Each structure stands twice: as C-alpha cells, then as structure tokens.
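In structure tokens below, several structures.
In the two assemblies presented below, chain A is common to both, partnered first by chain B and then by chain C.
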Partner chain A sequence: MEKSRIVEELKPFFEPKGVAIIGATDKKGKVGNVIFENFKVNKEKGIFKGNIYPVNPKLTEIEGVKCYPSIKDVPEDADLAVISIPAKFVPATMKDIAEKGIKSVIIITGGFGELGEEGKRMEQEILQIARENGIRIVGPNCVGVYVPETGVDTVFLPETKMDRPETGAIAFVTQSGAFAAAMLDWAAMANIGIGKMVSYGNKLDVDDADLMEYFMYDDQIRVITFYIEGVKDGRKFIETARKVTPHKPIIALKSGRTEYGAKAASSHTGSLAGADTIYDAVFKQTGILRAEDFEHMFDMAKAFAKCKLPKGDRIGIITDGGGAGVMASDAVAKFGLKMAELSEETLKYMKEKFPPHAVAGNPTDVVGDTDAQRYKIAIEAFVNDPNVDVIVVITLFQVPLLDEMELIDILAEYAKKSDKPIIAVAMGGKKTEYYAKILEDKGVPVYLTPERGVRAAAALVQYVKYLEKLKE
Partner chain B sequence: MEKSRIVEELKPFFEPKGVAIIGATDKKGKVGNVIFENFKVNKEKGIFKGNIYPVNPKLTEIEGVKCYPSIKDVPEDADLAVISIPAKFVPATMKDIAEKGIKSVIIITGGFGELGEEGKRMEQEILQIARENGIRIVGPNCVGVYVPETGVDTVFLPETKMDRPETGAIAFVTQSGAFAAAMLDWAAMANIGIGKMVSYGNKLDVDDADLMEYFMYDDQIRVITFYIEGVKDGRKFIETARKVTPHKPIIALKSGRTEYGAKAASSHTGSLAGADTIYDAVFKQTGILRAEDFEHMFDMAKAFAKCKLPKGDRIGIITDGGGAGVMASDAVAKFGLKMAELSEETLKYMKEKFPPHAVAGNPTDVVGDTDAQRYKIAIEAFVNDPNVDVIVVITLFQVPLLDEMELIDILAEYAKKSDKPIIAVAMGGKKTEYYAKILEDKGVPVYLTPERGVRAAAALVQYVKYLEKLKE
Partner chain C sequence: MKEEALKIINEVLAQGRKSLVEYEAKQVLKSYGLPVPEEKLAKTVDEAIKYAEELGYPVVLKLMSPQILHKSDARVIALKIKDEEELKKKWEEIHENAKKYRPDAEILGVLVAPMLKPGREIIIGITEDPQFGHAIMFGLGGIFVEILKDVTFRIIPIEEKDAWAMIRNIKGYPILAGARGEEPADMKAIVDMMLKVSQLVDDLKDYLKEMDLNPVFVYNEGEGAMIVDARIILK
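And then the complex of A and B:
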C-alpha cells in the first residue's frame, strides 16, 4: 500500500477532527460513559483538540455536551465513530455511518465472532458495508485506541481502575483487551512511554500488517510491539514485516507457543494458533524480534526507544558491585554476545586514574567506595575504546559515597554525545526506582537486573545483525 | 554437627545479649557510626533488646551512650563483637576478644584476602586465634547480619540510601555485600519478608553449610536462599545440604556459570568458580533449587514462604483475561508441568453457575465482566477437584465490576482452608501493587506475569518430587 493511502486511512483513529461516540451515556461506570468522559476530560485539559459528539436517541445532552439522536445528525467534521451499543444494533448503525461518510470506526462492542455463528454472520455483514464504503474498522470486541499525545482514549476503564502511561516512542498493538488494560497500567508504573496503543480484538478489518505499516511512516514511533495469539493473513503479515523491519524494529510476543497454550488460545479468540515453529521461522526471516514474555518485550522496546544502535556485539561492563558484574558477564555469554577486550590504552588510562583497589578490566569494578567521578573515568575510557560496542553500566545506587544525581548527569551526557548505546542496570528499591525514572527521562534505559540489561543489549545487537544481513 | 552446638555457636549473631561495636564513632556517615546508629535506633524502638557497647579509645561517649576504650573493658554480657576498624588492627583486637571470652565476631572491615598476600596472612592469623578460642567469625569484608525481628543490623548503609524489608520466613545468605544491600532495598519494595540475612564476604569461617544448618533448626525460617560465587569446602556443603533439604527447601543463585562469568568471579572474590556443570550436578543431587537470577530466586522463595506443598504437578488456571490464560498455559508446558484435566463434576458445577459467555475449562475464563463471586465459584470448584494439584488464579484487577477486596478475601480464605497451594498473578500498575501487597500479607503469593507465577508453581512441584524420590 502506498504511504499516502495507509496514512490517510488510519490517521483519524489517532487524531480525529471530530469523534462521534455512539452509545454515549450519562450512567457512571458504563462503557459508553467512561469513553465519553475520557475524551471530555482530555478536551478540558487541552490535550484532545477535536470535537466530541455523543450519540444517544434518549438524551439531548450529557454533562453539558450536546447529544445527537443519530450518527446521521452529527456535524460534518466527525471523522471517527466509536461504537459501544449492543451487537445486534451494530450492522444498522454501520449503514448509517456509511451514509454519513465517516471512514474510521472503532467497534468496542463484544459478542460477535467469538460467540458463534450468528455473531460471525453479523461480522460479515459489517465487513461488507465497510468494504463497499471504504470504511476501516478497529475491533469489534476490543478496547480500541489510546494516544496520550492527542487525547484519544477509548479504554473504557476509569482512572480509578487503571493508570495511563505517558507518551513515548513505543507503539503497542494487542489483540487481547484485558491485556491492553493491564499493560497500560503496568507501563504507567514502569515508566514505559507508549506513543500509540491499539487493541483490535476480533481483528475484523485493521490488522497487524496495517498497523505496522502505519507506524513505519509515523515519526513519533521508534519501535513497534505486538502481542498476538494468531495471524489471519500470513502472506500480508510477512510481506509487510519485511518492508517495515529495515526501517523500524518490530517486537512480537506470540502466545499459544505450546500445545497447552494453543489449545487455550483457540478457546479464547477462536483463531487457530498454528504451529509455533512456523511463527518462529517467519519472525526470523522478517527480522521480527521475539519476546519471551511481556517484561522481555518492553525491556527490548525501551532499549530501542532510547538507545543508538551498536556497531557490533562486544559488551563492556562497568559496575560498583563485583557480584553484579559476574552476573552481567554470565548474561553476556548466555545471550550469545562477546565480552569486549579492552585496549591497552583504556586499561592504562583507568589504572592511572583509579585508586589501587578499583579493578580496571572487563568488567571494570569501581567498587563500593566509588564516587560519580570514578564512574566517569570508566565511562569515558569505554566510550573511547574502539573495542567496545555496547556499554552496560551497573549502578548500585546504595553505595555510600555516590552522588546519584551527579552520576545520572554523567550517564545522560555520554549517552547523548557518544555514538554507542549505554544501558544502565540499577538493582534496588524505591530510591533506585526514583533515580531510574530520572535517568530514563534523560534518555538512558534502566533495568532492574544485570541479566535483563544485557538481554536488552542483545536485542539491539540482534536487530543490527539483521540489518547487516540485508545489505549482503 | 549436633543441633545444640550449631545453634549455640551462631545464635549470638542473630540475638545477642550485648553487642560491642569496635570502631564505633560519632562521625556521621562513617561505617562505625551507621552500625552504631542502627542498633541505637532499634533499641529506642524496643526492637533490639540487648545492650550496646561502643568501643573507641578516643571517645568517652557517643550520643549519650557510654563508650569503652577497649573491648576488654565492656561489661560481661557482651556476646557479639562487630569490628569496623582498619585491617591492620584486627589481629590484635581478635586477641583481646579471645581474652574477653566473646565467641561471635562480625568483621565488617575489608582489605584482607581479596587484596593479596599480606591480607591473606592476616586472615590466617585471625582464623587461628578464632579456632584456638572457639570463636566463630562472619566476614571479613562483608556487611554482616540483618534480623528485623531482633533489631540486629550491621548493614552500614543508612536509611537514606537503602530501605529495609519487613520480617518474614525467608533466610537470605550472600557473599557479595553490594548485592546484599541492593537485594534488601529491592525486597523492601517488593514486599519480600526477610527473616534473617547474612552477608559473609570472604567467608573466612562461618560458611554456607553452617548457615543452612542453623536455619534448618530455626523455626522462623521456611526457606533458605543463597547467592554464591563459589564454594570452598565442597564435601561439607554437599553433606549439609543433603541433611537440610528434606526439612526445608534451599534455593541457590550461583553466578560465574559461564566462562565469562567465572573469569569475572575470579577477579572479584579471588575464589575459583569451578566448572558450572559440577554445581549443577551437586544442586540436583542435594535437592537444591537453582535460580536463574535474583527475581527467580525470590519468586520461588515467596511461594515456599507462603504456600502449602502440592500433591502433584497438575495445574489448574483461573483467569479473567483470555490472553493471560494462554500465556499461563504456555508456561505450564514450558516448565514441564501438566494442565489438570478437570472432572466432569467440576465442569458441570461451573457451567451451571456461570453466565453463558464465561468459559468453564482449564483455563477457566471468568471473563472481563466478572465479579468476585464468579471467581469464588471457580476457586471452590478447583479446590474440590481431585485432578487439580496447584491453583493459579490470574486476577486482572482492572476489570470494571470486580470488587478487589472481596476477591482478596476469597483467595485468602481458600488458601487457608484448602490443602492445595494457591498462587495469584496480577498484571498491572500501582493499584495492582497495592492490592497485591494486601493479598500477600494475607498469605497468597502474587506474581506480575503468568510466566513467573507458573514458574513459582514449578519450584513447589520440583521440591515435592525431590522429597518423594527420597522416600523411594
């Protein structure tokens, strides 16, 4: 699909001029009320810039906002319809939407294909109307779209149930609605910036391939993540992935890997999960990085969102705790990376500047009485050493003489001016979490364990190797 | 070693009648000051019941507490000495301690065996004095002991640098001091209760075997965890582990697994890490559970601290999110467990009570519009089904109609009255964290991801299988 078309088709989902909320209601806690409230609050905050048109034949206004009896009555600038009415009314409403000329529809309503024949028949009717009228659909049976920057938020769980993450460079696409909610809630706590989230549920129309292509053209997005249980159109998925991965990394968490999982997936979304080995092969061929679980997915995504790409697979480790250095070294081997062999100059430089009990090497151990300046010596040396491709800096902030903010500024400075990726590892509790957030906001990803930090480095390396293979 | 002897020898480390702090000082932030403050504050809070005797020839009192010029001058009830003076003064001080008749010594001071020949010579001198006088030593080069229940706390990092976890049923032993600090800090945030922590540093005397034996006799401790880089006396370790594991589970995180890691370990603690395959074999033979990383270690430990042991390996999964159920099913296969085949009665019971769109099966999906009572139906059914050995309950607290506290009470009630282990999984953010803490305090371990929850179940099963094999 050419750029202009996919962007034109999907853009209203992410930045509508006017959103019609079909099934909006004043009954607190109801889906149609929460969605309406989300848009209204975001408009009041100045985040959502479009107009809001609640549609409900039984009401003339909701909380001071004019309510329309039918979608046919809303003003002409409406370019996105969000549907939250019982399934049986949806086909007729789709006809009205088509007549109105709205081309983007999010169907939140469940109770279609996942519940049997009659639901599937209705889905086909809806799809036919869409096809005949050039309408794109997200859903049905989904929580829809979340875009913190533009204030689009159809996630029908109120703030009392679920936090919202800040914006960022990660796109997150998921089939499962409950997973979408849990993930957004978690991402908010874990300081993972989500630029755009789409939960597409039954995936009647807009699918993984459409979304990855859209995000390829989306300047806000640096890395695309998917949670999928099964792909319907394998050819389209493969072709699109091949097209996208040379430009942006794609990370997939595919469940239903095992016989047990596939059986559970089949009774969940009704789609056959397919042999996992096929997915594995497809991911490898198309350069998609596969995640073991959702922590792994966002660990990788965070690295791509914040780091430069490395030139190779040689890891340099700096630590203030010997044990953590050992764990990181183990992880380097486990994930198939190499320990960098530091140049003579690097070792000499550090030895001259270090006190005698600090260990210049790989790992370099600045030891427990370190201050931020000793870290700086090591980071400077590693940045300048041509034998080091990725720098993993373990900072146990607990050590007594370390000025945390001074170290954070040093790390942020080198991450910015060096062309090498710098990954931080900070094990600890609430104070560590506090400093980790500051460091991440300054552009350095932080991981709780050496293993997870090195695993994220491995993802950067894996992607670079894929890109290099393409050039051959 | 007979019970009376090991308990008598090590007890003063954990509940001293009087603690002499050699090197106590009034200089804020210094190691000798932080340790003194820890005991003083805990005494003021009524947690530490013993007496505190700072020893420093240059001072007559520290913050109103009488200071003694020499260890020889402290009152007779002192049964624990904590040493924080430069290494070169330690041998002479050990002679005074021997003369005084104190039998338990924590040597915080570093700069011994890890720094070369002279340090090693001093260590041997200290060890000889200890052996000749029946003194047991923790350290040197360590952060010592932390026991929240008795107020013993030689961790020389102030509260401004590091939080302390609450008490609990887990014993945690580590060579690495920085790791000890980072772990305690993390455990405080992660709501992991630590009954007793020992960081033994250079392990001159008291070692892993001594500690696991002591903890076997310690009623507070239900599970023993170790972070080790290398074992010095292999035979003693194996014999003791064999003796302990039939009574209490032991979990080990052993780093230096790979060539890279072993090399890093050797320059860290100077001890040869040894071929990892040997450790693997030893752990298997002795029934020690091996952790992949520290999250894995405490994930397992939490399950042992809170759960009953299962009768078998058949897992039943209850979820309110289909996707999470699929992930859990995958994990069941991945970790070599079995999906329970529910009995006809169980399925019939749930189908009769469930609305039609909820899915009775394994996984049972109570779906996104669930309330707590629908969960109760499923939990009741799984508890009564003889085909289910472990129950994994996934609760996405975000779903709109779920009363979180009602579900928490139901889970806690069944975990108490059923003889099956119940493991909860809750994916989410700050609100989830809040509810997870309440649920854990009521005795049900909670995990962030389905994968981690099932992995913890696998640890319970692995331990039970070891116990069964012993009976053959």
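And then the complex of A and C:
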C-alpha cells in the first residue's frame, strides 16, 4: 500500500473537515448526545476546527446547532460520519452515506457480529457497501477515535465520568471499548500524553495493520501501542509490522495468554504451540516489543515518546539515596543491561567537585545533603562520558537542601541538549507526584520506582538492538 | 524438491491417510536435501537381512504402521542389532508388539537403519496457527522439550538471522555452544536444516498440518547433523 492511499483514506478519522453525527440527540447522557457534546465543546474551545452536522429526522436543531433530517442533506464538507443509531438501521444509512460520497465512517453502534448470525449478516452487507464505494469503517461496536489535538472525540463516556488525557506522541489502539475508556481516564491521571486513540471494536474494516501503517507516516506519533485480543489477517499484520518497526517502535499487550488447541495436536510441536507462544514468535520476528501488562506498556511508551534512542546498553545511575541506587543496579542486571564503567576523567571530575562524603562511581551517590548543583556535576559528567549510553537519575525530592525546580530545570536542559536518553526516577507521595508532572511536562519521563525506570530503559535498548540487527 | 515431495504426499492421501510413516516422512525431507540416514524399507525378513548386510551391523529395526505414531510406546523399535540371528528374533518381536498395541495395525514394512553415533539432541517442528499460518519450532530434545518446554517459535518463512536468533533464544543454548569444555555443536548445520525446513513448509503449506523432526542428532562443529526420527501429519 503506497503512502498516499492509507494516509488519505484514514486522515478524515483524525482531522475531519466536517463531521456528521448520525443519531445525535438532545437527550442528555445518550450516546448520540455525548458524542455531539464532545465535538461541540471542543469547537467552542477552538480545538475542533471542523463543522458539526447533527443528523436526526425528529429534530431541527440541537442546542442551537442546525440538525439535518438525513445524511443526504448535510453540507458537502462533511467527510466523517459517526453513527450511533440502532443496528438494524445502519445498513440503510450506509447506503445513504455511500450516495453522499462520505468515505470515512465510525460505527459506534453495537449489536452486530458479536450478537450472532443476523448481526454478522448485517456486517457483511455494510462491508460490501463500504468496499463498493471505497468507504473505510472504524467499528462497529466501538468507542471510536480520540484525538486531543484536533478535538475529535467519539468516546461516548461523558467528561464528568471520564477524564481525557492531554496530547502526546503515543498512539493507542485497542479493540475493547471499555479498555479504551479506562485507559484514557487512567492516562489522564498518570499524565501520559496520547496523540491518537482508536478503538475499533469488531474490526470490520480498519484493522491493526492499517493503523500501524498510518501512524508510521504520522509525524505526531513517536510510538505505537496496541492492546491486542486477536488478529484477523496474520500475514498482513506481520508484513505491516515489519515495515513499520524500522521506523517507529510498536509495543503490544496481548491478552488471552492461555494456550488453546493444545489438546487437539498430535505432535510435540502442536502441543507446545499455544496462541501465546505464536504471538511471542510474531512479536520477536517483527520487532514488536511485548508488554507484560498495562503499566509496562505505558512505561515503555513514555520512554519512547520522550527520550532519544541510546547508542548501547550501558547504564549510568545517579542517585541521592544509596538504597535506590542498589535497586536500580539490581534492575540493570535483571533486564539484561550493563552497568557503565565510568571513565577516569568522569570519576576525577566528580571527585574534585564533590564533597568527600559523596560517592563518585556507578551508581554515583550525591547523598542526602545534596543540592541541585551537585546533581548537575554528576549529570554533566555522565553526559560527557563516552562509556555511558543511558542515564538514570534517581531524584528523591524529599531531601532538605534540594531545590526541586532547579533540579527539574537541570534535568530538562540536559535531556534536551544531550544525545543520550535521560530517565528520571522519583519515589514518593503527593509532593513527588507534583514535581514529577512538571518534569514530565518538560520532556523527561519519570518513573515511580527504580525498577520501572530501568525496565523502560531496557525497552529503548531492546529497540535499538533490533534496529542494529536489521542493518546486519 | 517440491514435485518429489508432492508425489509421496499424494500417494499417502490416495490411500486415505493423513499421517506419513517415518520412512515416507524422511523421503519428503530427503527430497529437500535434509540429512536423513541411509535407510531401507524391508517387506520381508529376508529383505531386512539383505539390507542389514549392506548397511553393516549393528542396525536398527523400526516397524512402519500408519496406526502407530508413537513407536516407542508400542515397542516396535529394536536397537543395536548385532547379527542375523538377533535380527530374526527382533523382527518377530516387534511384529508381535505391534499386534498387541493395535490389532488392526496395517504394517507397511520395517525400516532397516544404521545405528547412529549419538549426538546432542534437538527437535525441529512445524505447526499451523489459525491466524498466522505455519510456525517453526526449535528446541533441545528429550527432557528439554518434554519437561522444560525450552522451545522457541517463528512464523514461516524464516531468514537466516531468524534461525540464528532461535538457536540463541533457548535457555539451553550453552549446551549447544559447548558448556564445560564440550566442543560446540554444528550450529551451521542446524541453521541449514531450519532454512530447508522453512522452504519445504512454504512450498507444501497447503498440505502440511504438523511435522516433528525428533530427535535430530547434532554433532560437533563441522560434523553435521542427522534426523533420527520424523513425523508428518497432513491436513
């Protein structure tokens, strides 16, 4: 698939010129109302720049916005249709959409293939109309698309019940709508920026492969994350993933790790090849990074979204607490990384500038009476040391003489000007959380434990090693 | 390669069978240049004696029956046969065992094979996944696969670097690399086998369901490998 086609085909889902909301209603709390409200509020805020065209034959206006009796009546600039009407009316509506010439459709409505034969039959009818008319469909049975930057938000859970994350460099794709909603809500709380989210439900048309290809060309997106339950077209998935991973990291969380089919197999190989083993193989072969769980997925994604890629696997650790430094060192071993051997110059530089009780080494311990400047000495030394590939800075903000904002600025400055990834670890409670958010906003990923920080570093290293292997 | 293999497969299918006996499976493998021992299928005990003399004692007898896939369980294998007298005795024994194990067992013949020099045991397997198609498995044989399940998979077709990654991927890799003063195994021979298997499966994917090369003896670097037993199950 050439670039122009997939980008052109999927672009209206993320930046529509005009959106028709079929099934929009003034009844508060109904799906068609929440989606309409999302767009309307975002338009009022100046985030959504397109036009909004509610479609409902029973209404002439919704909250002051002109309502159209049929999709056929909406103005020409509508290039995205969002459908939330009962399933049985969707096939006929698809015909109208085809006639109108709209090429991008999000079908929120459930009650299709997941419900049985009649639903499957309707899905096939819808798909046929789409194929014949060059229409791309997200859904059905989904929450659709969320793009904070352009104000596209078809997530039918109201903002009073679910927070929305800020914009960022992570693309998130999921089949499950409930998962999508929970994830967005959580990402908002965890201060994780989401560039684009797609929940595609029954995956009738647009699938994982289409989306990863689109995101490969999307400059906003630096890392693609997937919550995968199953893949429809395995070959297409593998081929596309192979094409994308040399350009952008893909992280996948695969559910259903249990084995199936094992009983039916009569050979050794068959009995050992559970679904999970096969997914493992697919991920290894395509360079997809596998997440152990939800937290791991976003820990990795955050590092890719904010950090430069390292040159190698040698980790340098700076801490103001000995114990945390040991925990980080253990994690370095656990995740198959190496502790950097600091150069003589680095050690000499730090020893000269440090008070005698601070420990120059790896880990370097600036100890509990540190100020921000002592951290600066260590960071500068590590940045300049050719033996260090990744710098993990453990900042226990609680120590008395440390000016938190000064340290934050130092970290942000070096993260920007150094070509090495800098990962911060901040353990603590509410006050730490406050400073961690500021630090993240300035582009440095922050982790709550040394282990999670080092594990995120390991993902960067794993991806770099994959890229190197490709060059061989 | 493909034509030869297909001929064997089609003959098996024509007989209404879904599984190839070891002899047939090895012929398929041989057509792709995979290393199988010099073996012959004897229909009578006199033929077996003739083949044993050609090969030179000691030899191995393996009874071939489409109904008996697990030959060890059915005790239809006789190892280290040192002369004609023993061969005759074992011939009777494995036929009786076969009858006890499966009275309806159809006997296609007895494979007369040379007694192979033991090597480090590996397993190479194939299975078909409903979503991703055929996958190849690699692992060390014996308890490593039976108990520890120390195996790794890739989707077919694989490239050379995939094969190397698979070998290095398993926990038992040091055993192949040469732990405790042992010489390294012939890893190139393993890679070569895996690539040939990948090619074979890619060609025959419409026919194959599962395949096990188990065990395969791998010898020291430069000395190659030999497929000791093989099983192929058709769709």
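Please note the rule applied: the second predicted complex is superposed on the first by the 456 of 472 C-alpha atoms of A that agree within 3 Å, B and C clash if a C-alpha of one lies under 4 Å from a C-alpha of the other, contacts with A are read in each partner's own complex, and residues count from 1 in each chain.
Everything below uses one rule, namely that contacts are C-beta pairs under 8 Å (C-beta built on N, C-alpha and C of every residue); 3 or more make two chains touch, one makes a residue touch a chain.
Everything quoted here is computed from the prediction, not taken from an experiment.
Undergrad: Counting only touches as set out at the top, which of chain B and chain C does A:378 meet: first, second, both, neither?
TA: neither
Undergrad: Contact-wise, after the overlay, does A:454 reach chain B, chain C, both or neither (first, second, both, neither)?
TA: A:454 sits against neither chain B nor chain C.
Undergrad: For A:10, decide between first (touching chain B), second (touching chain C), both and neither.
TA: neither
Undergrad: Of the two partner chains, chain B (first) and chain C (second), which one does A:83 touch, if any: first, second, both, or neither?
TA: neither
Undergrad: For A:365, is the partner it touches chain B (first), chain C (second), both, or none of the two (neither)?
TA: first
Undergrad: Of the two partner chains, chain B (first) and chain C (second), which one does A:472 touch, if any: first, second, both, or neither?
TA: second
Undergrad: Answer with first, second, both or neither: which of chain B and chain C does A:179 touch in the superposed model?
TA: In the superposed model, A:179 contacts chain B only, not chain C.
Undergrad: Given the superposition on chain A, which partner contacts more residues in chain A: chain B or chain C?
TA: Tallying touched residues of chain A, the top partner is B.
Undergrad: Answer with first, second, both or neither: which of chain B and chain C does A:320 touch in the superposed model?
TA: In the superposed model, A:320 contacts chain B only, not chain C.
Undergrad: Do chain B and chain C touch any of the same residues on chain A, and if so, which?
TA: Correct list for chain A: 261, 265, 267-269.
Undergrad: Taking the complex as given, what residues does chain B use to touch chain A?
TA: Residues of chain B touching chain A: 29, 34, 111, 115, 156-158, 161-163, 174-179, 181-183, 185-190, 227, 229, 255-261, 263-265, 267-269, 292-295, 320-330, 332-334, 339, 357, 359, 361, 363, 365, 368, 396-400, 427-433, 448-452.
Undergrad: Can you list the chain A residues touching chain C in their complex?
TA: 230-232, 234-235, 237-238, 261, 265-270, 272-273, 275, 277-278, 280-282, 284-285, 469, 472
Undergrad: Residue numbers of chain C touching chain A in their complex, please.
TA: 19, 69, 123, 125-127, 129-133, 135, 137, 145, 149, 151-155, 158, 161-162, 165, 169, 210-212, 214, 231, 233
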